[in-house]
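Each of the next two complexes has chain A plus one more chain, namely chain B in the first and chain C in the second.
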Partner chain A sequence: MGAAGLAIGLMNCQNDAKSCRNQGGKLPIVGNRDITSQGDTLYPTIRAFTFTNQEGKAITNHTFQDKIYVVDFFFTSCPTICPKVTAQMLRVYERFKNNSNLLLLSHTIDPKRDTPDYLRNYAQKLGISDAQKWHFVTGEKDSLYAIANDYFSIAKEDPNTPGGFDHSGRLILVDKARRVRSFCDGTNPQEVDCFLRDIETLLKEP
Partner chain B sequence: MKLKLIYFIFGIFIVLYACNDNPYKQGKILYANFCANCHGERGEGLKSLIPPLLQSDYLEQHRKELPCIIHQGLKGEIEVNGRKYNQEMPAIPKLSFFEITNVLNYIQLNINQSDTKNIFTADEVEQGLKKCE
Partner chain C sequence: MKKIIQKQFIINILLFCIVINLLCLCACKNPQEAVLNQLNDEVMKLHNETMPKMGDIYQLKAALKKQSETTHEDSTHLKEALLEAQLSLAKADDDMMTWMHHFTEGKNAAKTYEDKIKFFKTQKDSIQIVNNQIYMSIAIASKYVNIK
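Then we have the complex of A and B:
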């Protein structure tokens, strides 16, 4: 177990583009597809949503119309991986700050505590004053947990984990048609290197 | 029974001695597991959310309180290197005084490349923990 972990760890150290899952070209669409009786292919898409951001504004799927966006799940009082993942979201933010075609969307999984005020405070501490670019959102708990599933991420309450919530530290890349096109482990800076390349690739897609 | 106890104590001494000899070993693992997620791999902190441990004046000035900060967490506004922070650090009660010693020495000697005269002894940390509120 330990040795396997080490081997995987070492493999991940290789940082050249060759070790990335996506090797240029078109990014695949993530998830199982259905074929309709008419023979059309249906890809999984993110359901319509309405949440509230750090400025108290309603944020919906229309907010992201004609944009691509990067998603994660976190909570402000998180005792474990969140700051690490947030540090990687910041990398995405810094890199694409001036590209209006890319937005960021961070969902709290602790909506009871993480009110818009809490989220604004958190965003400000990260130096994010422009709420048009990076939305920190809260909402109905069930909707938040359900949408995590659409993003192939995990968010749930779990009293057995530190902080009381279980979540994956994934960053997820969504295209203009609300389909997931790439994801990575947001606790692993090498995987995020690849993910940044994937964002570049998707930005070039018409 | 008595013999067993002697062996036991002897065993503890060996462990203490072995680890004291190389303060980074356990400290490094503990740091990675319990601190790095927040304070960063090199103690760099995260913007105004999480203060640095790298060259932190707070760390230097609050030496006596450090064991309790780890054991009990920290909340309320503090200032580190001229920047204000106000975000709760959770308590990490499961670390023993010995583990706290090792993690502090890792921060001191490895992250901050500090002089070995600043090393924490297990005694100092154990005493420090007695003073936690």
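Then we have the complex of A and C:
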């Protein structure tokens, strides 16, 4: 009975893995690439940025130097999908909180209300006391939207999909060279299962 | 012996009454919850209709700003119109964010059933006004720029 249960469990695990976009090999670099006249391949990268985190400290792309990181967009008064996405970000946090090579970066899209103080309270309510691990950032609205546009225009499955990024609920995995390597629907726990595997895979890259 | 049986009978009757009362309470509560859920869904449906357009608003605003910067200084009417279109989009954006903030706070603040009914009905009207502003601002901006 126990062996049968284990066998079924293993079969389920195999089925879950099979349904993932990436099958455990090297993660692809997401986005349209350009070939220069010299024949070099250029991959889309995330622009340089400066935001302010829940501790009131400046957070830039240098904060993530030599780290991989997971990105999402939210706002504290979001009535619909943000709580579901944040619950999945918490899963990422719990799984990798002791791994110093991975950081989390959550951007508010409501900087008018989500001040650093407000973000600190929000983080504390989630049980996040380590602001070095999970940055909740705010900034100029145009800058926040511009960087969201960078992430989501790269991590777009279907260019004809209607709807703006505010409602996408997407989690995005970025490598040390600021390239998008994986993404998933942050409202879908099964997709996040695969995403967690992708994080493990990327962490093994030199 | 007879007294013990009588006592047991009374206890059983009392237990039966308690169970019936509990069932009634549940039955009364569920229709109220169903009404509130339906009202919430109706409000959210209206909200979800325009929330995905917030990305379009950002792109239109950026496109209008770019066009304004490249428009000749002498074209004052056009420059004013482009600025007005940007302000209209900014208002639509701010209206939606403000509505969501009030909605989330108000939803938690309403305690009684009557208060909740009143709250959802008011919110249904106010999100409709926000939606109208969003549609109007996008229509105005789309006269000058195209993001597709």
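Assume the second predicted complex is superposed on the first by the 177 of 206 C-alpha atoms of A that agree within 3 Å, B and C clash if a C-alpha of one lies under 4 Å from a C-alpha of the other, contacts with A are read in each partner's own complex, and residues count from 1 in each chain.
Just so it is clear, a residue touches a chain if its C-beta (ideal position, glycine included) is under 8 Å from a C-beta of that chain, and two chains touch if they have at least 3 such contacts.
It should be emphasised that the depicted structure is a prediction, and the values quoted were computed from it without experimental measurement.
Undergrad: After the superposition on A, what does A:Pro79 contact: first (chain B), second (chain C), both or neither?
TA: Both partners, chain B and chain C.
Undergrad: Please work out whether A:Lys67 is in contact with chain B alone, chain C alone, both, or neither, and reply first, second, both or neither.
TA: Neither: A:Lys67 stays clear of chain B and chain C.
Undergrad: Per the contact definition in the header, classify A:Arg197: touching chain B only (first), chain C only (second), both, or neither.
TA: A:Arg197 sits against neither chain B nor chain C.
Undergrad: Applying the document's definition of touch, where does A:Lys176 land relative to chain B and chain C: first, second, both, or neither?
TA: In the superposition, A:Lys176 touches no partner, neither chain B nor chain C.
Undergrad: In the superposed arrangement, does A:Gly127 touch chain B (first), chain C (second), both or neither?
TA: Only chain B is touched by A:Gly127; chain C is not.
Undergrad: Going by the contact rule set out at the top, does A:Lys57 touch chain B (first), chain C (second), both, or neither?
TA: In the superposed model, A:Lys57 contacts neither chain B nor chain C.
Undergrad: Could you look at A:Leu90 and tell me whether it touches chain B, chain C, both or neither (first, second, both, neither)?
TA: first
Undergrad: A:Asn149 in the overlay: touching chain B, chain C, both, or neither? Say first, second, both or neither.
TA: A:Asn149: touches chain C, not chain B.
Undergrad: Using the superposition described at the top, list the residues of chain A that contact chain B and also contact chain C.
TA: 77, 79-80, 162-163.
Undergrad: Considering only the defined contacts, which chain B positions touch chain A in the complex?
TA: On the chain B side, the touching residues are 36-38, 40, 46-50, 87-88, 90.
Undergrad: Which residues of chain A touch chain B once you look at their complex with the stated criterion?
TA: 77, 79-84, 86-87, 90, 122, 124-127, 162-163, 187
Undergrad: Mind pulling up the chain C residues that touch chain A in the complex?
TA: Against chain A, chain C makes touches at 44, 47-48, 51-59, 62, 94, 97, 100-101, 103-105, 107.
Undergrad: Tell me, which parts of chain A touch chain C in their complex?
TA: 75, 77-80, 109-110, 112-113, 142, 145-146, 149, 152, 162-167
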